[in-house]
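Here subunit A shows up in two complexes: once beside subunit B, once beside subunit C.
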Partner chain A sequence: MDKRGALMLAGMGLALAALSALWMFQGLGGGNRAFVLHLRGAKLAALVIVATAIGVATILFQTVAANRVLTPSIMGFDALYVLLQTALVAVLGGAGYVGLPAGAKFLAEIAVMSALASLLFGTLLLRGARDVPRMILTGVILGVLFRSVSGFLGRVLDPNEFAVVQAVSFASFNRVDTGLLPVAAGVTLLGAILAWRLSARLDVLALGRDPALSLGLRHQAVVLGVLALVAVLVSVSTALVGPVAFFGLIVAGLAHGLMRTARHAALLPAAALSGAILLVGGQWLFERQLGQAATLSVVVEFAGGLFFLYLLLKGRIR
Partner chain B sequence: MIQIDHVSHRIGGAPILHDISTRLPKGQLTALIGPNGAGKSTLLRLIGRLEPLQAGRITVAGRDVGATPTDQLARVMAILGQQTAIASRLRLSELVAFGRWPHHKGRPCAADRAMVDEALEAFALAPLAGRFLDEVSGGQAQRAHIAMAFAQDTDWMLLDEPLNNLDMAHARALMRRLRDLVDNRGRSVGMVVHEINYAAAWADHVIAMKEGRILAEGPACDVLTETLLSQLYDAPIRVGLHEGRPLVLHHV
Partner chain C sequence: MRPLPALSSALAALMLASLTVGAAHVDLRGIFGDPQAMLVLLESRLPRTLAVALTGAALSVAGVLIQALVRNRFVGPDTSGTAEGAALGLLAITILWPASPLWLRMVAASLAAMGTTALFLAVIRRLPVREVMLVPIAGLVLSGVLGSVVTFVGWQTDLMQYVGTWLMSGEFSGVISGRYELLWIAAGAAGLAWYSADRFAILGLGEQVATGLGLSTAAVMRLGLAVVSVVTAMVVTTVGMIPFVGLVVPNLVARVMGDNLRASLPIVALAGAVLVLACDLAGRLVIRPYELPAGLILGIVGAVLFLWLLHRRPARG
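Let's look at the complex of A and B:
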C-alpha cells in the first residue's frame, strides 16, 4: 500500500475512534454510569459490526460480479435471509421461532444462507458472467421472487406471528438485536479476516475470468467461496438491523473514491472504516442531536438511492 | 511440446472442433491460421484451460492440462485471450505486475519488480506506466496485456490474435520480440493470426484450420502455398516470394 493510502486508513481509524469516544462518553452525567455505558457499548458494537459486514460484503460482491453498481442486496441476498426467517416462522409458529436458541439458530441460518447463495448466485455468475445485463435482471427478479414469497407467507400467517416476521424485515438501527452480538461479532471478525487474507487473490479475480485463469487462480473455487462469505456477512447485518438496500453502495463507492486503487488490501479496510464512521456518526446525529426526528435507515436509503442514480447516469454500469 | 489428442468440442450443441490431433513443437513459433469460425481460438483456449476440455487430452510440456493444478500450469504457460475490458481501474504498471502473480502469489520481491520493468521496457510502455488503462488507446492497452503475459516469464506463450489494434510498427516489433524469445531464450510461442503475412514472415510452423478440422500443418513454406490457401479460404489467393519466404497477395 502506498503512503497516501496508509495515511488515509490511519485518518479514518482516528476519526472512528474519536466518534466512538464521543458516542460513549457524551453527557454521561452522574446516574447509573455502568448501565448507560453498557447500553451505548452494545449499540456501538452493533453499528461497527454491521458497517464492517456490509462494507466488506459489498466490495467482495462487486469484485466477483465485476460491476461497481451491484450490491448483494440489489441481487436479493438479504431478501433471501428474510424469506428464510418467514419460512421458519411459518413452519415453527411464532412461539416456536422465538423459542429457538438465538445463537444456534443464527449459526444454522448462516450455514443455510451460504449454501443457498453459492448455489443460486454461483450458477448465475459462473454461467452468465459475460452477460452482465442478463445477470442483473436475473438477480433483481430473484430478489423480487424472494420478497413476494415472503410476502405471500406473511399473508398466510396468523397476525401475531406476522408481527414476529415484521420485526426482522424492516431496517432499524435503533432496535438492535443485542442478544446476537457475541456470535455476530465473532462471525464478522472471522469473515473480515478471511476476506483480508484473500485480498491478493481478489485483486487477480478482479481482472476477469480469462486473465485470472491464465494467472493460475482457481477461479470457480474462489468465486463460490467469496459468494459464501458474502452470504455470511449479509446474514449478520440483516439479523442485527434488518435489510438495508443501498448502504453497501455508498460505502463501496466511498472506499473506491477515497483509496483510488484497485487493491483489496486497501479497499476492504477502507470500506469497513468509512461504513462505521457513517453509521456511528449518523446514529449519533439522529439520536442525540435531532432527538429521533428522523431515522438513520431512511436517510441512508435516500442518500444511497441518489448515489445509485448518480452511478447509473454516469454510465458506471459495466 | 504441446500434444493434442482427439480433442472435440461443442458450444451450446454446435460442434466447433472435430477430433483434433496435432502438436505445437517446442522451441518454435507456431501460427494458427484459418477463416473465421474455424475453431482456432477455441483450440487455443482449450490448451490454455480457459475452457474445460470436453473430449480428448492435451498435454503441455508433459503436464495434462485437465489434471495439473492450474497454478502449476501458470508457471509453464501464459495465455492471452482476446481482449475484454477489465472492470477495476488499473494503471498499466499494475496490470503488467500481475504477470508475476503465479510466481510470488501476492508478495513481490525485487526480481519480480525488475521483470515488470523489463516487460514495460520491452513493449515501449515505460512512458505510459503511470497511466490508467481507460486513459490509453486500444493498441496501447493491447501491448500492456501482452507485456503482462511476457512478464509471466513462462516456457510457453499462447496469444489469441495479439496483433489486434496494433499499428504496423508495433505489430512488427511484437513479432520481432516473439522471434527473439524463441531464438535466443528457448521459449515456444503459439498464436492465432489473421493477417497471414505475419505468419508467412515470422512463423516456423503453421497449422491451418477449417470448419473445426486441421486442413494442413507443417513448416510455413510448405503450408502457405497457392493451392492450399485458396482451398482454406475458398477464394483464389496468389502467393509470391520475398527474401526466400512466401508473400501472400490476398488483398489484390
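Let's look at the complex of A and C:
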C-alpha cells in the first residue's frame, strides 16, 4: 500500500473513532449511565458489524462479477436469506423456530445460505459472463421472485408466526437484534480476515477470467468460494438490520473513489471503514439531531438508487 | 387451435368459475329463487369478475404500448416508474386535499404517472449504450427510487398503511359494485390504443423508419404515453399495483402472433384477462375461505414467466 492510501485509511479510522466517541458519550446525563452506555454500545457494535459485512461483501461481489455497479442485494442475496427464514418458520412453526438456540440456528442458516448462494449465483455468474446485463436482470428478477414467495408464505402463515419473520423482512437500523451480536461479530470478523487474506488472489481475479487462469489461479474454485463468503456476510447484515439494497453500492463507490487503487488489501478496509462512518454518522444524525424525522434506511435506499442511475447513465455498467 | 376461440372460451369458463367461487355460497342454477345469492352475485361477484378481467386486459395493452414506445420487450407499466408515479400522485392529493372528489384523484394520479413515465423515457434516451437489457434495469431501479420516495412520504405523514395495503399490493377482494367503475375508463383508453394500433406498430419499427413512413412520431408517442398513464393510474387507484402482467403477456402473445398489433391487440387483452383472472381465482382457493392478493400470485407466476422469456428468447430488440 502506498503512503497516500495508508494515510487515508488512518484518517478514516480516526474519523470513525471520533464519531464513535460522540455516539457513546454525547449528552450522557448523571442518571443510569451503565444502562445508556450498554444500549448505545450494542447499537454501535451492530452498526459497525453491518457496515463491515456489507462493505466487504460488496467489494468481493463486484470483483467476482467483474462489474462495479452490482451489489449482492441487487442480485437478490438478501431476498434469498429472507426466503430461507420464512420457509424455516413455515416448516418448523413459530414456537419451534423461536425455541431453537439462536446462535446455533444462525450458524446453520448461514451454512445453508452460503451453499445455496454459491450454487445459484455461481451458475449464473460462470454461465452469464458473456452477457452481463442479462445476468443482472436475471438476478434482479430472481430477487423479485424470492420476495414474492416469501410474501406468499407470509400470508399463509398464521399471524404469530408471521411476526417472527417480519423483523428480518424490513430494513431498520433502529431495531437491531442484539441477541445475535456475539455470533454476528465473530462471523463477520472471521469473514473479513479471510477476505483480507485472499486479497492477493482477488487482485488477480479482478484482471478477468483468462488472465487469471494463465497466472495460475483456480478461477472457478475461487469464484465459488468468494460467493459463499459473500453469502455469509450478507446473511449477517440481513439478520441484524434487514435487507438494504443500495447501501453497498455507495460504500464500494466511496472505497474506489477514495483509494484510487485496484488492490483489495486497501479496498476492503476502506469499504468497511467508510461504511461504518456513513452508518454511525447517519444514524447519529437521524436519531439524535433530527428526532427520527426520517428513517436512515429509506434515505440510504433513495440516495443509493440515484447513485446507481447516475452510474448507469455514465455508462459504467460494463 | 387458433388463439382467439381458445382464449375466449378459457375466459368464459374462468368468469363462470369466478362467479361461483368465494366465501358465500352462490349456486348459479337456483339463482332466481334466491334473493340473497342474487345480491351477492350482482353486488360482489359480478363486479369483481369484471374488474379482474378489465384490469388484466387494460394492463396488457398498456404493456404493448410501453414496449412500442421504448422499443424494448422487457419493460412493462410496473417497471417503468408509471405505477409508482400514480401512487405518488394519489398520495400527494390525499395529503394536500383529503376530501378531494374522485375525479380529481384520478386526474392527479394520471398526471403524476405521465410525469414519471416521461422521466423514464428521458432517462433511457440518455443511456449511452444501446443495450437491450439496460433499459429494464434502469426502469426497475427508477421504480425502486420512486417507490422509496412513496415510502418516505407515507412514513412522514403516517400513511404507511394506506401505501402498504392499498397502493402497493394489488388485490380485488375490496371490489364491490360502485367501487370498480373507474376500470371502464382504463378499458376505454386501451380501446383507443386499438383504434390507432397500426401507428404504434409502425412506431415500434424505430423513429427514422416511422418518420420515413410519414408518421408523426411525437404525436403517437404522446398518445401512447397518455394511454399507458391513464390505464395504470386507474388500476392503481382502484385495486393497487398488479405486477408483471403488462410485461409478460405481450411477450407471450408476440411469440405466437408477431407484431401486427391490429391483429394481436385483442388477443393480448384476452390473454391478460385470462392470466389475471386465473391468478385471482388461485388466490381465492389456496387458503379458503381467506384470500391471497392476486398481485402476490402474479409476482410469483410473472417472475417465473419472465425468467423463462429472458433465457428462452434469442436476444433481439
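Going forward, the second predicted complex is superposed on the first by the 318 of 318 C-alpha atoms of A that agree within 3 Å, B and C clash if a C-alpha of one lies under 4 Å from a C-alpha of the other, contacts with A are read in each partner's own complex, and residues count from 1 in each chain.
Simple rule for what comes next: a residue touches a chain if its C-beta (ideal position, glycine included) is under 8 Å from a C-beta of that chain, and two chains touch if they have at least 3 such contacts.
Because the structure is predicted, anything quoted here is derived from the model rather than measured.
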Greater residue coverage of subunit A in the superposed arrangement, subunit B or subunit C: C
First (subunit B), second (subunit C), both or neither touched by A:272: neither
Touched partner set for A:211, first subunit B, second subunit C, both or neither: first
Touched partner set for A:222, first subunit B, second subunit C, both or neither: neither
Which superposed partner A:201 touches (first subunit B, second subunit C, both, neither): first
First, second, both or neither for A:309, with subunit B first and subunit C second: second
Which of subunit B and subunit C A:296 touches, first, second, both or neither: neither
First (subunit B), second (subunit C), both or neither touched by A:134: second
First, second, both or neither for A:262, with subunit B first and subunit C second: first
Which of subunit B and subunit C A:144 touches, first, second, both or neither: second
Footprint overlap on subunit A, where subunit B in one structure and subunit C in the other make contact: 318
Residue ranges of subunit A touching subunit C (in the complex, touch as defined): 131, 133-134, 136-138, 140-142, 144-145, 147-149, 151-152, 155-156, 245, 293-295, 298-299, 301-302, 305-306, 308-309, 312-315, 317-318
Subunit A contact footprint on subunit C (complex, rising order): 74, 123, 126-129, 131-134, 136-138, 140-142, 144-145, 148-149, 151-152, 155-156, 243, 286-287, 292-293, 296-297, 299-300, 303-304, 306-307, 310-311, 315
Interfacial residue positions of subunit A with respect to subunit B in the complex: 63, 66-68, 130, 199-201, 203-204, 206-211, 213-218, 262, 318
Subunit A-facing residues of subunit B, complex: 48-50, 70-75, 78-81, 84-90, 94-95, 98-99, 101-102, 105-107, 145, 148-149, 152
